[in-house]
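Each of the two complexes below includes chain A, the first together with chain B, the second together with chain C.
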Partner chain A sequence: MLNPAFIPTALLLQLMLLALLQEGLSWWSSLVLIGILLFKYISFKAQQKVRMMTINALAVMLCLLLLSQLWQQDMQDSMLQLLFFSAALRLFSIHSELQHAKKLLWVQYFLITTGFMLNQSLWFASAVFLLFFCNLYLHYLLFAPVQQRQFRWTDIRLLLWVMPLCIALFVLFPRLPPLWQTERQHQAQTGLADELSLGGLERLVQNDSLAFRVEFADEKPAQHELYWRAKVFETFNGQDWLPDLQRASQPPLATPGRYRYQLVVEPHFQRSLFSLGQVSQLQGQVQTVAAGLIESRQQISRRFSYSLTSNGSAVAQQNPEEAKRNLVLRHTNPQASALAHQLKQQHRTASGYAQALYQYFEQQQFSYSLRPPVLNQQAQVDQFLFQHKVGFCGHYASAAAYLFRAAGIPARVVAGYQGGVWQAQGDYLQVLQKDAHAWVEYLEDGYWRRFDATVIVAPLRLTQGLSDALSLSERQFLDQFFQRGVLGHWLQQLEWLDYYWSVWVLSFDQTEQRFIWHYFKTMPWLWIGGSIMTSLLLVLVIYLWLQRSNQSQNVLLRQRILKVLRPYGEKADYQSMESYLRQLIQLYPLQATKLNELLSAYQQFEFAEQLEQLQQCRKLLHQLAKHNSTVG
Partner chain B sequence: MAGIQALQQLEQKLNQVILGKPQAVRLALCCLLSEGHLLIEDLPGLGKTTLAHALALSLGVHYKRVQFTNDMLPADLLGQSVFLRDTQEFQFRSGPIFSQILLADEINRASPRTQSALLEAMEEKQVSVDGLSYALPKPFFVIATQNPLFHAGTNALPESQLDRFLMRLALGFPDLQTEKLILQQDQGQSRLEGLNPCLNEQQLLLLQQQVVQIKVSDALLDYLLALVTQSRQQQDCLPLSPRAAKALLRASKAFALMSGRHYATAEDVQQVFPSVAEHRLNPGSSRDNQSLSLQLLRKVPCPL
Partner chain C sequence: MMLKMTMWQKIKQKLWQRFDRWLEQRQPAATELTLRQHLLYVFPSTYGAWFVLLIILLYVFGSNYQNNLILLCAYLLLSLFCCCILAAFFNLYKLQLKTSPPLTMPLHTYASQNLTLSLALSHAQDKKMLLFSGNEFEALLFETLPELVQLELYPRPRGFYQLQRFKLESYYPFGLIRCWTYIQLQQAYWVYPTPSVSKNSNAAPRQQILDQPDQLAPYLPGDPASSIDWKRLAKNPWQPVVRQNSESSTPALPKTLIVTATGAALELQLSDFCFLLHQYEQQGESYCLITATGTIGPDQGQAHLHRCLQALVLC
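Now for the complex of A and B:
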């Protein structure tokens, strides 16, 4: 018989689960699930049994629906929906069957943990744990004896008891690589795009979500040095800048770095990662690729952490091919080319030319705007440089790179993020999507030097981050709200907690584990203390066990006597063992000797505490039991 | 275990005198071994006095018999100070209580005043007369007999005084065969005449010491306490006091010694329990009635 509280609790749990997994469910499946749960609730209230036929028909229908949607949505999401449908339908079918309820619970455990495929933040994890405990409670409802089915808060203590074990397992249990991985197909792109058009980055710049977070080990670079390189575009087709397809893997230079930092990247479903200037050392599942960039070995589909060391200088040229590749100009913008030639004649060196360009941008009254006028197809660089003179980083980078190339200086567009907000509590840097930026690198003396025209046009963009799109009053209101208010304070605290959740829990992998073991090994006192503690505990356990067994030996012997002698006759509750055995001796004269011996051995063991008599008792009992079985 | 054989010999001899009552004989001996006072209650002519006499005789200690009557005064029992004209001073003339065994026959015939004088001496093992204390000899015990309460001219012993007796025994009627034997053997002389002491004073004291050393396991104590606790939870009887618990333990130990063991068993406790407990549970009951204590025994599970 099922506990009456089981079905309502399970309904509530599935409803919460529905909210939790919303991200992985399509709108129609959410609707269907709500409908199923609601219907189940009504039929439960009315105490009606749902017919299996209805459920089977519904299941077939839902499967077909899912199959038809399979091509339009992510495989993983489809599977998630399938699992959820099966859980909901299983709940739908349960009336009082214990067996079905058990199956339901196991499916729900699985379903709850699939939530981690969607999100890994601290808050999400807390919700997952909460649901997990709810399911545990459901399990408890199923198996607890009827009198004890009331939920007691003291049971929470049990959870606290197992916590140290959980933590120990988390830290010490070998980390296994994932058994399989899924690539999400139709995931919305949240990071930088694969090409950069003149109007690109606009989408990102208006996005307030988190891109990644950085913690510096010792020295922190100045704000205007924080150019996070993510992508390098080397091919220009007149409108868009495209990455070079040739992506040779390059070993990092083993030079001592100036900045040591750890990054925690939000999932952006690409492989490209972020770094500052020339990378000298790297740690984690990352590799270097062409143009001094860093890439993950897998698509970043969950929070990902890695550590880097950079020396903060310009990126070195890797091969002569690079210079050639970055001179190519297939489409002409006549006015821009003319300007480049003119400036080039005045300034021979590349750095002189760059200075001239800075001056040019400063003098020509370019302005910065997130809503620049739309450009025509033809000669876009010319239009921007000479006609509108309004744009944002993408425009400036694109135009500057064109001007460099037109003057015969190898140049390329780099996309990434600039700056970030320092979080006071955690001493870490938070980089948001709206910090997305594009700039230019030109080649001089074997190094790629940075050229960022935006600095000239909108210097505040660099030092204070982007808030161009906001009016002054709005900005003041937000500042007040987020930085000085109590709420703002708490929000920052929560951000900080979430950050360390990522750093210490999510990014805890084999490397970290090995590190911890290594750390333990270097501290002999820890080992000595640990082994002393363990042996003390062991001694205590053995002592208690001996005590217990000493005490319970008597009880065990009494139980054994009763069990063996039961076929001879029952012992009354109030009867002493002696009178019981004497009674048996009267009744079974053939066994009298053995019973007499047993009696005397038992009395000596029980009352005179002669422990050696236990063996004798056991022997006699064994013989009596054997006799008993042969006789019948 | 010196003295055990002598003890068993004694028991045997007593059984030759008191025919057909081995259990009562054993319990009576047990009571004496545990330094407790014994009350024998039954109808006249069932052998109470014979048992008391036999015990006193066979123990080989100094004993006196006092027949209690309703006009008896405490001084008749305890003794009194007499003025000696020659020496011009008082001298204490000790009463019959100054003996090692006092046979108090028909104790419930005496006035409450005399009863309480005796009972005080029983508890404190000393007598106070005219402001002076006189210690009673050692060992000292009282074997009292009484007629059932409904008999004419009896004063019931109050509960607190009944409690001073470790055991209350009843002899009951002998079965037919035994009675026949009694009749056959009646040759005009008392059975007590041929009874010689089997123990001396030293042996008795030694045996009493051995009783104290009898081993009692923890589980057995638990059982004993369970019995006592049960009496306190029951509505239909008086609760057993810690003194009663002590008496029960002591008697059980003595019973174990009588069986020649150096450890007490649950059976020992069960055997002595009715005699030790009944008059405390139900002071008004009399004679062979042990219903309350037996009921109580049946209510307490005994795993041992």
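Now for the complex of A and C:
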């Protein structure tokens, strides 16, 4: 017998789950699932039983379909679909059998939990947890009395016990490192591309989504210092800048760091991570690679957190090879090369040359625009520098790097993010995809100095952010990508909650666990243990004392009588108090009067409830005891 | 193969006997029983084992993908599992069972009839989903416990029985943990022979021997006119005769039933006697029963009736 509320609730749950897991389901599987759920609803309304044969046939068909789609899909998504199919078909088969319902719950627990593979943001996670508790409720219904639908207080009390235990386990239970490597294929990458063309980053600039968030421990760098390095492009093929293929990992330099900061990166399905200038210390599953960049050991497929220490200064040169590599140039832009030669002759040092370039960009009336004319000639750099003179960071970085190299100064293009928005509530920096930026690093005295032409062309871009740097029409052009309703604004206000969710819950790992254990170990256990013991003892004493005073006067009196009269003769178990006292009266005629008085006083106190007789009893007992001691 | 099976069965039987003896020591039969720690057994059910597998899977899954939320779910289920152990225990803990036999007569039934056994429960407010099962009665599931539980015992042949050890179990809440106990209550019951009237009853003649024939006496003034033998009066109108009823004239002799049959006939005779005893009791007659072990009565009343019926059972 199933609870009548079971099947409708399960249907509702699966429907919500279907909406929630859309991201991981292909269109045809969603369609099939909706069909199954709808059919189940109809058959439930009509009280019809579905034959097991039909379900099995359906299951085989779906499995075949899934297999045929396997090569097109990510393994993980296929797993998710398989689970969902099994859950839906199981629900389809349930009529009133407990066995099927148990299996359904099992699969649903698993299915709901895999929802966290797709997304871990606070809102999504709350929805998944809601469904999780919904499943828990179904589980409860299955084993509770059939007509009962609500949790009773005792059950809620049970749940209240579960919560602290769960949190303690989460914080303290030992964790395992990953057992096998998992990488998601076929997943659209977001963030910076692996190559930078002259008009690159355009796509990102139109993207309003979150890239990463940073929290600084003590000192915060100035806004114009916030150059988040992510990728370095060292090879130029005339059109695009490509990364160098050598990816030797190397230890970070042990220099004192000025800024300590923690980053929480949104999943972008790449390995590259973000850092400020020269990195001196790392924490988390990250490593340093060539050109002073930071990389994750795994593809970032979920929110990822790590901590760094940087001194904010220029990145040091790593080897002579690096300088040579960054001089290679195919001179396909004759005008630009000529300009470089001319400037180089006037300015011997690299920094002097850089200054000259800044001046050049300033004097030649270059302007910043998100909609520059299309570069269609073979010599793109020439076309940009001498024809259009309009572009954004990609153009400037690319052209400047070309000019450096043409003048014989090693230079490379760096892509990453610039700036970010400080969140007042959270005291953390939020960097969006539209903050994507590209700039140049040139080598001087063993350090890679930064050169950013955008500073000259659009100074507001750095200090105020992108939209302030643009003209009104450009801003309107950009705004069409950032449509936000009132709700959107409101949600943005709540984003700091999501941030702390990421920092405290999602990025909690072995390192922090070790820290907590360490903290526990260093606590003054002797004092804590001692105080707990003494307080327990105190409680025990108070308890006993209360217990004693709670005992009725009658019991105490009886005990006292027995104790005082023991020297006169023991009371046998079968005897009543009266017969015992009468026996003593016969045995000790000398004390007969006192004993008689005692007997009557006792009886009056005990049975007539004359409380004043208690005093009389005590007095007599005292005399009897005294007499006994003088005699004895 | 066959030998092996029997070997296995023997071992099984031995183990069960041992277990029974152990239970006997642990909980001797009592009329009143409170379920306490030493009587309650708690262990995960099959579904609980599957649930643990789920937890392990989720833990491995969460560890591998370094996904804290999946781990959190695994811990949530684990702590639920742990708390269920306590909840399942407390679902039976302190439950008080007490036999409540009828006050006036021994607990009894007739062969091939069900017997309803009542158990009084206390401290049963929050106890749920309790299953009573045993060899002697059909398993009964109580979603919430009533004050009085009535167990329908299966029909059995005549005899004197002790209520056997039965099982009380619960999977509440969540079905992950099973909490159960084996209970032995001190409750005996009698199964009397089925009352029936057989055609060739040999009890009837004995009964009639004891009956006095009617006597005739000459009419004396004052005799009731209704007792005049009118047929004889028609033949001989000068000598009126009255019929004198033996019951009214002499004190009734107690009816005596003697168990004489053996073998298959014994059962028939016992059934007859059972019927007759009831009949006598209803008619308010005095009766006695003679069996191989002794004589009961003559007497009458419910207590005497049951004494006689019990003697029949023990034949």
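Methods note: the second predicted complex is superposed on the first by the 483 of 632 C-alpha atoms of A that agree within 3 Å, B and C clash if a C-alpha of one lies under 4 Å from a C-alpha of the other, contacts with A are read in each partner's own complex, and residues count from 1 in each chain.
Keep in mind that, in the parts below, a contact is a pair of C-beta atoms (placed from the backbone, for glycine too) under 8 Å apart; a residue touches a chain by one contact, two chains touch by 3 or more.
Quick caveat, the model's predicted, so the values are computed rather than measured.
Colleague: A:Gln603 contacts which: chain B (first), chain C (second), both, neither?
Modeller: first
Colleague: On the superposed three-chain arrangement, identify whether chain B or chain C touches more chain A residues.
Modeller: C
Colleague: For A:Arg558 in the superposed arrangement: first (chain B), second (chain C), both or neither?
Modeller: A:Arg558 contacts chain B only, not chain C.
Colleague: Could you look at A:Ala46 and tell me whether it touches chain B, chain C, both or neither (first, second, both, neither)?
Modeller: neither
Colleague: Just checking: does A:Gln575 make contact with chain B only, chain C only, both, or neither of them? Give me first, second, both or neither.
Modeller: first
Colleague: Could you look at A:Leu506 and tell me whether it touches chain B, chain C, both or neither (first, second, both, neither)?
Modeller: In the superposition, A:Leu506 contacts chain C only.
Colleague: With both complexes overlaid on chain A, does A:Phe173 touch chain B (first), chain C (second), both or neither?
Modeller: A:Phe173: touches chain C, not chain B.
Colleague: Please give the residue numbers of chain A that touch chain C in the complex, ascending.
Modeller: Interface residues on the chain A side: 102, 106, 109-110, 112-114, 116-117, 120, 125, 128, 132, 136, 139-140, 142-148, 152, 154-155, 158, 161-163, 165-166, 169-170, 173, 175-180, 182, 285, 302, 505-509.
Colleague: Chain A touches which residues of chain C in the complex?
Modeller: 47, 50-51, 54, 57-58, 60-61, 63-80, 82-84, 86-87, 126, 128-129, 143-144, 171-175
Colleague: Which bits of chain A are touching chain B when the two form their complex?
Modeller: Against chain B, the touching part of chain A is residues 554-555, 558, 573-579, 603-604, 606-609.
Colleague: Taking the touch rule as given, give the residues of chain B at its contact with chain A in the complex, in rising order.
Modeller: Interface residues on the chain B side: 215-217, 219-220, 261-267, 269-270, 297-304.
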